[in-house]
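So, here come the structures, one by one.
Two complexes come next, and they have one chain in common, chain A, joined by chain B in the first and chain C in the second.
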Partner chain A sequence: MNKKMKNVISESIRMALLLIAVSIIAFFLVINSPIDPLTSYVGPESTLSQEARDEIAEYWGLYDPPAERFMSWVGNIVRGDWGDSITYKRPVKDVISERFSYSFGLMACTWVISGLLGFVVGIISGMREGGWFDRITKYFCLMVKSAPTFWIGLLVLVIFAVELKWFPIGMAVPLGKPANEVTFWDRLYHMALPVITLSIISMSDIMLYTRQKLIEIINSDFILYARARGENEKQIVLRHVIRNIALPAITVQFASFSELFGGMALAENVFSYPGIGTATTAAAVNGDVPLLLGIAVCSAVFVFAGNLMANVLYGVFDPRIKEGVITYEHTHAHSH
Partner chain B sequence: MSEEKKTVLNVEDLTVAFNMYQKGAFKKTDLEVIHKLSIDVKEGEIVAVVGSSGSGKSLLAHSILHILPKNAKVGGKIEYCGKELDDKYVKELLGRDIAFIPQSVDYLDPLMHVDKQVIGVYGNKERQREVFDRYHLDERVDTLYPFQLSGGMARRVLISSAVMEEPKLIIADEPTPGLNVEMAMETLNNFRELADKGTAVLMITHDIDLAFEVADRIAVFYAGTVVEIASTLDFIMGRGFLRHPYSAAFVDALPQKKFKPIEGTQPYAGNLPSGCLFADRCPYRDDECAGEIPMRDLRGGKVRCVHAT
Partner chain C sequence: MSTHTHTHTDKKRFEFNRKTFVTMMVIFAVVYLVGVGIWGLFMDPESYAVNYDAKFVSPNFDHPFGTDFMGRDMFSRCIKALSNSLIIGVLASLFSSFIALFMGVASAVFGGWVDKFVNWCVDLCQGLPHLVLLILISFMLGKGVNGVTLAVIFTHWPSLTRIVRAEVMQVRSSQYVQAAYKMGKTKWQVAATHILPHVIPSYVIGLILLFPHAIMHEASVTFLGFGLPKEMPAIGVILSESMDYLATGKWWLAVFPGLMLLVAVVLFDVIGDNLKKLWNPQSGNE
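== the complex of A and B ==
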């Protein structure tokens, strides 16, 4: 119990440090980039005089030393003032929360589907190592891993939306339908293609991992013993294999948050899905500094939360960590 | 009287080879680790298997149970109650008629409570409690994980799972290390009791002293084969009653006998002499020892030596 708390606290501290590091790096990358926030704000065709420009820049603090600018930015963020998005003409906070809610659904579905599918397929191929199923899935995974996300996205788009016409080509809701008439099913239906694409992409990691782990433990002594006690393949998988692989597999799945996030950004663009990924592209194209920085910080929190979850889960479920190593017999041994 | 006893386990000319990469080679070749090994265990009998580390004791157990790794090639014959013990037949027997006591606690699932493991796929909770009680494992032990067991407890848990059903054949790989002397003796006496009720026990052990206590016969392993099988009495009587120079040396090397152990080491499986495997260490070696040495009957035992008398 105590140990678990300590673990969570130290993980949280680690996360806070990483967050600070990300903020610093993101901030300095942006202010050193060729984006001129003033031009982005007023538009390239603006006829504003140089004096007026200087005045605004002065007012915004653009001529202050970078460290000072960073501190005032952080101060504003902490106070809840994230600024306004130039692209969407709305507060950054609103844009991010709306976009994240779309992306979050996408990610959650992908995460669960790719996790379950990858785990099951990994177990089947591992149990039949070298068989036809194993070989096909392995080649499939290697192919997917080496193909660019947008290419797979386009492939899925062409097959399922253009040729088979099973799913819509893009967007999150039917075009032209009033927002209050959009149903849950509309949303799900529109989410299908990006989820399929992302699942295909992120399944391969967890599948290859599960397969590898299974091959590793299937020759271990405790599986031999289970066999020697008359357990058949099915009983071995259900009683021992799942139990021993599930935990590390879930950890790997949580740790893959960052990759999933990256893949999602690309897939959203292919399917013009209005999530955080398309917002990032739009912000980058328009030199929308407040939005870019806001997204960088939120994404970092999101990805770190995934890793934190993985670590905490391990402590909750693995008895070797949960119960500590001191137990019954040790206390006994001392009394001898 | 022992004539009419049924042979439960009969191993004849067992050969085990591993297909693997060897030092300096780029192709997989067969490494033969068990050579023409023959051994049998009768109903109600305890046969102890002794021999130094790496002599193939565990591999014999694993061959009988059909749990060798995939790259193992097995030749020869293994019979259970007169019937060829093939893959299909062994599946019917494992966990019920044939029980295995493995060499270490690593053979338990690290993430499963021990009671569930001992119950396995054929047992039930009631029986498990009964057996645990017999081995002084109280209720708290039921829900421990293997890593929480001491060496002695782990041993007793492993033995418990072997006696959950009523096996006709028990194969025990080093059942006593980690146990204190009383517990070790008690375990062996349990084997004796089971044997007296008709169970055949193949007991692998480092501890020849313990073998002396309960075994009916002792088989001596050397470099992957049996060099001598004889009644325990012959071993207790000492070298004059033994047939093979290695078993004589093995008994002499016991700490309480103060004899010098024989020079040299067991040959490596990849580099075996063509004739007698013991030749390079044998004081009685001559030209005849370079040929094939068959196992032969001698004075009620069996020996693999051309000069044994």
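== the complex of A and C ==
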């Protein structure tokens, strides 16, 4: 118990340090950009005099040394002031929380659907290795992994929205409908295509992983012994296979937060869904430094949360780690 | 496959055939990719010139991939775009792999704080979602060709670094390496003469399997508008342009360019996976 707590704490400290380093790097990448935040704020056609520009830059602290700017930025963030977004003319915190609420639904649905579907399909095709179902799903998943996310999004759009007209082409709510009349079903209906796109993509990883693991396990001695005892396929899957694969599969699913975020950003741009992904591109296009930084830090926290969850899950559930026989690094090296 | 029933000689011939087959696949993939790269490089820009008389022609014999809103032939434009993507992808992953090779070998040979530092850099690089990091770097460098190329270079080394490091770890404690140390060789000499040659096969395979990632990420960043400029034929540009016309049923603008990219990526995987089979004596006998 004590040791487990110590693991969790040291892991958390390591991740906190990394998070700080990530924000330092993000900050210096953004402030070194040749895109002038002042120009993007007042607009390129502004007739503002040079003196007035200098005054604003002075007020914003654009002439201060980078280290000082970083410290004041961090200080503000800690105090809860994330600055104002140039693109949306609102506080960054409001923009991010509103956008994230849209994206969160998208990612949560994708995460659950792709995880369950990938796991089940992986088990079915692994149990019948070389069969027609296995071959079709395997090649399909390998294809999907080789295709760019946004292209799959475009294909889904062409097939389901343009040709079949089953789903709307984009946006999160029906166009021209007042916000207070938008129902839950409207939201769900508009979410369907991005979720389908992302699920197809995320499913491939978890399916191929589950299948690979299952084939490894099914060829091991204890399964042979179970067969010799007279257990049937169903018993083998339920008693031995799932118990051995579920944990690594869930871990892989948690560790995929980084991919999920990137895929979401692309899918949102394809379906013009007003989530954090479209906000990221809008921020970068408009040179919206405060928003871009805010999103970078939030996305890093998101990825770290996934990794932390994966590590903790292993520590809690894997009996070998619990008893200190092997460390997390060992299992981690295996899963890659 | 029912190879169990074959006689000994049959089996031998089968293995020979398989090896030839694998080699043929690799050669075919290389020829295709190099061919497209060179074809695009020396392509006459006239072949995808603007022609307002032939706007939105759906795929036919003259224009296998149709034409776009300016009447440009999509087939030529796709070849040129893919060639651009291939050249940038190959350059970027080559430089990225140099970083990985250096970091991986240094980390395993020197151990201690060097190893810790390299691992920390890997974790750091993977701390942000890949796409966000690509956008940030590209943003810092003012977008364009340089921006996206450098972004791809600086974000694709971590996975290969891990592979190289693991490979070096395997030989580090072997007797011939220890013997070299005892004979008074420095760490750099041992790394260069004894460790590096051992790592090269997995490094080359890792590099080849890196190309598709680099090309796809370049296309993604370009698609979002932070990569190659709009006037340059690129798969990302073509696909982001196509978005405006998909709703009106111009499906060919999106389907074929993406398919070309998909085929290129699959072929890189074919080369990498088959080379792995050819070079690894254990899997060669499977």
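Odds and ends about this structure:
By our rule, the second predicted complex is superposed on the first by the 321 of 336 C-alpha atoms of A that agree within 3 Å, B and C clash if a C-alpha of one lies under 4 Å from a C-alpha of the other, contacts with A are read in each partner's own complex, and residues count from 1 in each chain.
The rule is short, and it goes like this: contacts are C-beta pairs under 8 Å (C-beta built on N, C-alpha and C of every residue); 3 or more make two chains touch, one makes a residue touch a chain.
Treat the numbers as computed from the prediction; the structure is a model and nothing was measured.
By the touch criterion defined above, A:169 lies against chain C but remains apart from chain B after alignment on the C-alpha atoms of chain A. Looking at the shared chain after the overlay, A:157 reaches chain C, while chain B stays out of its contact range.
By the touch criterion stated above, A:195 is placed in contact with neither chain B nor chain C. After overlaying the two complexes on the shared chain, residue contacts for A:284 are found with chain C alone; chain B is out of touch. In the overlay built on the shared chain, the residue A:227 is in contact with chain B alone; chain C does not reach it. By the touch criterion defined above, A:299 lies against chain C but remains apart from chain B after alignment on the C-alpha atoms of chain A. For chain A, the partner touching the most residues, choosing from chain B and chain C, is C.
Legend: residue contacts after superposition of the two complexes on their common chain; A:262 is shown touching chain C, with no touch to chain B. Within the superposed three-chain model, A:92 lies out of touch with both chain B and chain C [touch as defined at top]. Residue overlap on chain A between its contacts with chain B in one complex and with chain C in the other: 333. Touching chain A in their complex are the following residues of chain B: 62, 65-67, 69, 91, 93-96, 99-100, 102, 104, 106-112, 120-122, 140-141, 144-145, 147-150, 153, 161. Chain A makes touch with chain C in their complex at residues 18-19, 21-22, 25-26, 29-30, 32-35, 142-143, 146-151, 154-155, 157-158, 161-163, 169, 257-259, 261-262, 265-266, 269-270, 280-281, 284-285, 292, 295-296, 299-300, 302-304, 333, 336.
Note for the complex: chain A touches chain B at residues 219-222, 224-232, 235, 239-240, 243-244, 318-320, 323, 325, 327-330, 332-333. Interface residues of chain C facing chain A in the complex, by the touch rule stated above, are 120, 123-124, 126-132, 135-137, 139-142, 162, 166, 212, 216, 219-220, 223-226, 235, 239, 242-243, 246-247, 249, 251, 254-255, 258, 261-262, 265-266, 269.
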